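In this document, chain identifiers A, B and C correspond to the written order of the chains, with residue numbering beginning at 1 in each.
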Amino acid sequence: MAQTPESLKRVLEALLLASPEPLPVAELRRAFEDDPGPDAVRKLLEELRAEWAHRAVELVQIAGGWRFQTRPEVQPYIDRLKQERPARYSRAVLETLAIIAYRQPVTRGDIEDIRGVTVSPNIVRTLEARGWIDVVGHREVPGRPALYATTRRFLDDLGLRALAELPPLAEIEKVIDLADQAA
Amino acid sequence: MNVIPEPALHCARLRGEPIGALPKDLYIPPDALEVFLETFEGPLDLLLYLIRKADLDILDIPMAALTVQYLEYVEAMRTRNLELAADYLLMAAMLIEIKSRMLLPRPPGFEREEGDPRAELVRRLLEYERIKQAAARLDALPVLGRDFERVSVRIALEAVEQPPEVNLNDLQFAWLALMRRARMRQPHRIRREELSVREHMSLILRQLEPGCHREFVTLFGPAAGAPVLVVGLLAALELVKERLVEMAQREALAPIHLSLAHGADA
Amino acid sequence: MAQTPESLKRVLEALLLASPEPLPVAELRRAFEDDPGPDAVRKLLEELRAEWAHRAVELVQIAGGWRFQTRPEVQPYIDRLKQERPARYSRAVLETLAIIAYRQPVTRGDIEDIRGVTVSPNIVRTLEARGWIDVVGHREVPGRPALYATTRRFLDDLGLRALAELPPLAEIEKVIDLADQAA
């Protein structure tokens, strides 16, 4: 194939459609014998994104790179074809995930301090099995508890480019200084 | 018989349906109480509920009233022979302690240092509430596999995997490293590791994916200065020593490659 | 989504793009709450096929149903992308290979003595699978451990006519001495 912008775009489209994992620009460039350069690739990706704007599949940019994914509107159709639907996570799992996402890296003890209850190993295992959290080290205190953090897969699965794109934590209503109030 | 404070039941849900308010003298089946209590994620969640329900000012909690209410719930649990989680009892003890400290007359001048005995409780309640909200917002985000799917167009042909290349230099330098190690293999004192080294060890581990090789310097970004690279190298060596990571270098001064050790992720 | 022919077509497209398996018409119809019927679905699939005629991905009908697949022309691009960055063997594998090359025939025990650490069976298997080493006999001691040596193929792949062409050890040792003196 000659490398006209149009043919480049068609190749990029095919590569992205064929890849189950998101592809970063640097990776996409490796596919070409003559590297079109990052700017050209980015421009073509933006054009592709626009071309797909009116379809039921969209091209998105997330932490791991660029990926085609179905739009939420078609999910009911897909669900009807699916054997099983993924279960929703319990509040305990979601709160644990939120603490790890917003306060990482944290130990199980940190999570228990914030939630005020014991954290069952199952909860942590569920999130690890999903590939959303992993152990990034150990805190150097007695017992060397594991430090958990969210993974890139977590961002990818939620369609985010970075942790900064998570919904912001609610502002603490007022700066509390009860000591001053009492004084 | 103990009566469950009635308004609380508004928030109890059985199979997703709210359980309506029950007349005060009606027998409450034990499993209904259980379901009600299960809607709470723990003592902080229960306290938040009590505070919000009674429209109390979280920044100025009337400790006496709140403690009484909380203890009523705990008592109800106890008489139902529900397994009373230690977490709930611990919180009960903490509430009583705060309440009594507030009753103590404080000598003038001590207030400032000691502060309000409720401060820590309020801090924890607010932090928990924020996380609770954050969890709900996270759950509202579209999730792969639930709200959208990845595409998977079939690739007509599959590529053949390329085995790694080895040349004479690789062999020569592998041997060189072996000999050098054999000479140095003598007991030596283990230095106390610095925290920054451990931190970099995690940093390296998390960037390595099973089966993939990464060039050492790419782990730290282009802006990393010499000190970072030195600490990074120490960390990499430590990981190698602990057999968590494997290191490969084609020749002296050639790029150092790191990969997860086999079995390290087991 | 209202079931206009256009929106039906977009949903069919998304379903097929998201399915790793080919989907027969009967299966596709199941995705809709109001079954559009086999003829309508078939007509839309034909239209889709025509729409994709000028792209690097095509919609094809095979025994199992309909599926999207990449055209053969994009295969070189996919191959380049899939090709791992020149993978390399771990230090453990290279050292084991060096020991076998220079000290053959050797047992696993010999290798462990020189390396000072246990040699995992995987390492030996990797080198055997590559066709670079094989078992040339057994040492007649308790347990009759296998003796490993390098193969003809090893010499060929490294461009050597004979083992004698390996860099001499004396030279290597000299390099170490020089390096140690400099340190």
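In the analysis below, contacts are C-beta pairs under 8 Å (C-beta built on N, C-alpha and C of every residue); 3 or more make two chains touch, one makes a residue touch a chain.
Here the structure is a predicted model, which means the values were calculated and not measured.
K.L.:
Which chain would you call central, comparing Cα centres to the global Cα centre?
P.N.:
A
K.L.:
What is the chain whose Cα centre is as far as it gets from that of subunit A?
P.N.:
Chain centre farthest from subunit A's centre: C.
K.L.:
Using mean CA coordinates as chain centres, what's the subunit B-subunit C distance in Å?
P.N.:
35
K.L.:
Averaging over Cα atoms per chain, report the distance between subunit A and subunit C in Å.
P.N.:
The computed centroid separation for subunit A versus subunit C comes out at 26 Å.
K.L.:
When the centre of a chain is set as the mean of its C-alpha atoms, what distance in Å lies between subunit A and subunit B?
P.N.:
17
K.L.:
Can you tell me which residues of subunit A touch two or more of the remaining chains?
P.N.:
Only 14, 17-18, 57, 68, 70-71, 78 qualify.
K.L.:
On subunit B, where are the residues touching two or more other chains?
P.N.:
Touching at least two other chains: 149-155.
K.L.:
Touching residues of subunit C toward subunit A in the complex: what are they?
P.N.:
Per the stated touch rule, the residues are 1, 10-11, 13-15, 17-19, 23, 27, 30-33, 54-57, 68, 70-71, 73-74, 76-78, 80-81.
K.L.:
How about subunit C: which of its residues touch subunit B in the complex?
P.N.:
These residues of subunit C touch subunit B: 17-20, 57, 67-72, 75, 78-79, 82-92, 94-95, 97-99, 101-102, 114-117, 120, 122, 130, 157-158, 160, 166-167, 169, 172-173, 175-176, 179-180.
K.L.:
Show me the residue ranges of subunit B that touch subunit C in the complex, using the header's touch definition.
P.N.:
For subunit B paired with subunit C, touching residues are 149-157, 159, 161-168, 170-172, 174-183, 185, 212-213, 240, 243, 246-250, 257, 259, 261-263.
K.L.:
Which positions of subunit B touch subunit A when the two form their complex?
P.N.:
Subunit B residues touching subunit A: 41-45, 58-60, 85-87, 91, 111-112, 115-116, 118-119, 122-124, 126-139, 141-155, 195, 198-199, 201-203, 205-206.
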